[in-house]
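Some structures to go through are shown next.
Each of the next two complexes has subunit A plus one more chain, namely subunit B in the first and subunit C in the second.
Entry: the complex of A and B
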């Protein structure tokens, strides 16, 4: 990072107008602002890996004399920054506990769906023909289907579990990746370096892996960052409706659902986990958009 | 009306190149487009039905779902035989398709009546809610997006843009709960749930409107920004027309179609799931609430009917929007 800043600074100084110096400083400031935005994500990662480090209480510890305490209160157990639930469990510690499963499901589901979508997109974009027509129709049909409803049906038929969720969420996801990658690889296929690679006898596998994929990777990454946020929302929605993650597992969506019956007496149980979820998704969204703008400006 | 005869214009053999003239792109006759879209829609509906059948009969076993929890293997086998579940899949599949075609969607074992009746009763409530929601979303999204788009990077643009991204990041059901806490529990302006009178639709419609309005805003804004940077806007401005006049006379005509289609897509998207979570939050007696209740009671036939009805609606709406777009597009082409 430091090296980048220095280069940019000297570049600005070498330029004749002072305007470019301003630009460089602004870029510098912007970068740091964006890195600042990254810090909550790092914090969340730490929460997911080592929840004990951040928890004030055991998230499952019940204390019936400290039920439904509002945020910022103290009980015989100690301090409760976000209050307690109907069994006297500390909400803050539960939210920290829920980070792991929430992030894991979102990232793994995005990885599975993304990989599938990228494979389909590469194949149908590069080879074309009947394979492309078939795969495109498949993803089109799926986009036209109310997949969220089919997911509810599937989850209620098979009995909701994290494993089923990791099958259902990627099926919602892959057409988005497939469409982008297909368009990109169709565009790339026409470029000179691909023609050259074919001319020197590159096998299709090698071509796709070493020449196409690295060129599409930035787009995929941007998309994946945005989609992680969307998957979080989908998982929370399914869990909220009772067909997603089941207790005693903890995710943010489940915490929101758990607080719903007590909405009139204990707003914090519903609102605070939702704030955390919304802010996390917002950060992913802002990041994705910023990356998009950045790579768009570069390309 | 020239476009109407375009399909047969090469019959006389004098100007076959007209079909591919660059300023007048070749188009298939409208009936062909209609037929193709209807066929595609029918195929998609068939896929939905097939997926449901596969889930129910291959992945799961209806006999086990129907039997008591402590039923022995023999009892399950007896139920399988009674319902004809021991016959081959293909036979059952075509029988299933026949049942659906004749309107037999199965009996709800929760409500003790045909499942389709329960769904049919819930449809008006869902239509009412989604229409109210899309009204809010379309109004805020397109007006806001237009105003932000004609002055890119202004303060208004930045602020509204941020809020629209925030609206997209908020879980819709949670937003509904938040509105309940603020406006129903604390301020007491609106009822918390149910469907009694006009005041009960305000909060669910607002929730739907905010979330979907965010996406409409984004799309309308980017369409407007793109349109505003075109040369004709500069020309019109340099001729001395004020910005409102240029936007009203020229820009809106070009982006209006995008706006209308975007609003249409968002409406369909509500039917694809978002409206149903909101119905659950506000206990709005529509398809969504029925579906969740059915899911929690293991009532497969209600679930199945709800998914098929909502799916058919989504597919039909997609079809209508597509055709609408195609028709308008043609008129623009033939006029220009």
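Entry: the complex of A and C
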């Protein structure tokens, strides 16, 4: 009898210790992964807010004697880690400068499109019926159209500008948010706590705002982070085609476009901003996925 | 009993579905006096929950539920009220508790705030005042250390505690009627007893009327003055609780009572199940809906729907054989 108790006790202790070791390593891995993903995002944010802190040169300063210098070279102005363009401007400093507008457009467009999509999704998921059918058909119709081409058409008709871009990009985005939020709110509205909230006299608006929305918010946030990456790509595409941001404003997409005719002579003008764009989109994607896993585990 | 607080007359609730019309509640009438406890008993699908939901019209927008008849609360027909007016009834005049306390609280809102929300929805009080009253309510329903637990999320409470919180929300505005839809079904027996006791205490303290819905005769016997037995969307028998236990008239009630296990039962002695299945909701029998399962069925049962036969001051039974089955006193 006594022996049994002892054995059980030690077994329990062993199980406990292996479990805690497991938890510790997992915690470390997770923390490192977070830092790994978070640091580039923070760095980019700093670049966007305080570009002067990182720039080696004035990004608009021209020096015709230092044209098309390859990466890692030095001119009379100083060191050019990423080389210079056809007017002798420092590519690295231009890339830092472009961060601000690239990120701003991506974040603002996602915020506008996301808000719109969330509203539509909540309403059509919660109320259902003809309203839902109408809104769903609308978003399906829009998804069926080649929206990138429509965006090009609109931008070339209305004239390219950042404002128009901030109207066109959200219209590309909202159906994605609407679809996810609609599915979530359809699931949620069947849950007992929503019925209980109605039973204490909540109005539909209050129900959506303080009971449904907070319970969908983590999903929306994950989606938004991932979509910021996609919007960056779309903006780069439109700017590359000449219907997006116009010089002298700088975005990464514009830099890629500017380097294209010189691809055979000066590869760095296209490749380096391209790599930066690709890396950033990737980071945002991974960040979103990691956040999804984290919030899924916590909730 | 003067004019009752709640008079339900000829209540009919139908759902239009793709496969046809489901008559979940089929012309039921009952009264509820102020401060009275009324029980509804029946098996799953007998329409007892739908009755409760119909009183408060808790069917979501665009649900194809058709509610007919009259639900007179204090002389006003609730079925004639629209959105805004009905919201003032819900929570303030009539509170409701649901079956599953694990899912009936918002998982992301601190419990105290959920209690305070109900107060602030119906009364113009300051945030501080609502918080103070919510804390008192949590204490009233037996949450230990309510001040410190005010900001905890539902997941850190046990099922019984969550049901207590639900009760606190339901009685927050001192409603005159409390509807409890199987409040103890998801809880284990010891907790069940505590919750029932709490409900009865609150009922007496606040002078509320109670509608207790349950499939468990024991629960209803412990809490209610009168009982309505439902089957197939109708009330098949109603009586004072004691009278029902002493002289159940309807064969269905009789069958249900035989299913209550008792401690006196000898080992090996079997419970007698009611044979057969509940009626098909899309295809109700033309006569008595219990006829296909009834051990005492006669020809008439399959042809015509029986009306309630009055057997006493508050005792009625919807059975063609009610007079004959009456027990000699």
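General remarks:
Just so we're on the same page, the second predicted complex is superposed on the first by the 274 of 299 C-alpha atoms of A that agree within 3 Å, B and C clash if a C-alpha of one lies under 4 Å from a C-alpha of the other, contacts with A are read in each partner's own complex, and residues count from 1 in each chain.
As a working rule, a contact is a pair of C-beta atoms (placed from the backbone, for glycine too) under 8 Å apart; a residue touches a chain by one contact, two chains touch by 3 or more.
The model shown is predicted, which means the values in this text are computed figures rather than measured ones.
Using the contact criterion defined above for the overlaid structures, shared-chain residue A:243 touches subunit B, although it does not reach subunit C. Once the two complexes are laid over each other on the shared chain, residue contacts for A:215 go to subunit C alone; subunit B is not touched. Of the two partner chains placed around the shared chain by superposition, subunit C is the only one that A:202 touches, whereas subunit B remains out of contact. Of the two partner chains, subunit C is the only one touched by A:192; subunit B is not. Look at A:44: by the touch rule set out above, it reaches neither subunit B nor subunit C. Here subunit B and subunit C are compared by how many residues of subunit A each touches, and B touches more. With both structures placed on the common chain, the touch criterion links A:147 to subunit B but leaves subunit C unconnected.
Residue contacts after overlaying the shared chain place A:66 against neither subunit B nor subunit C. Once chain A of one complex is fitted onto chain A of the other, the partner contacts of A:282 are limited to subunit B, with no touch recorded for subunit C.
Applying the stated touch rule to the two superposed structures, the subunit B and subunit C interfaces on subunit A have no residue in common. The touching residues of subunit A, when paired with subunit B in their complex, are 140-141, 144-150, 152-158, 229, 233, 236-237, 240-243, 253, 256, 260, 263-264, 267, 270-271, 274, 277-279, 281-282, 284-286, 289.
Taken together, the subunit B residues at the contact with subunit A in this complex read 40-41, 43-44, 47-48, 51-52, 55-56, 59-60, 65, 165-166, 168-174, 177-178, 180-181, 185, 192, 271-274, 276-277, 280-281, 291-292, 295-296, 298, 300, 303-304, 306-307, 310-311, 314-315, 318. Only residues 56, 58, 60-62, 87-92, 95-96, 98-100, 103-109, 117-118, 121-122, 166, 169-170, 172 of subunit C touch subunit A when the two sit together in their complex. Residues of subunit A that touch subunit C in their complex: 126-129, 189, 191-193, 195-204, 206, 210-211, 214-215, 299.
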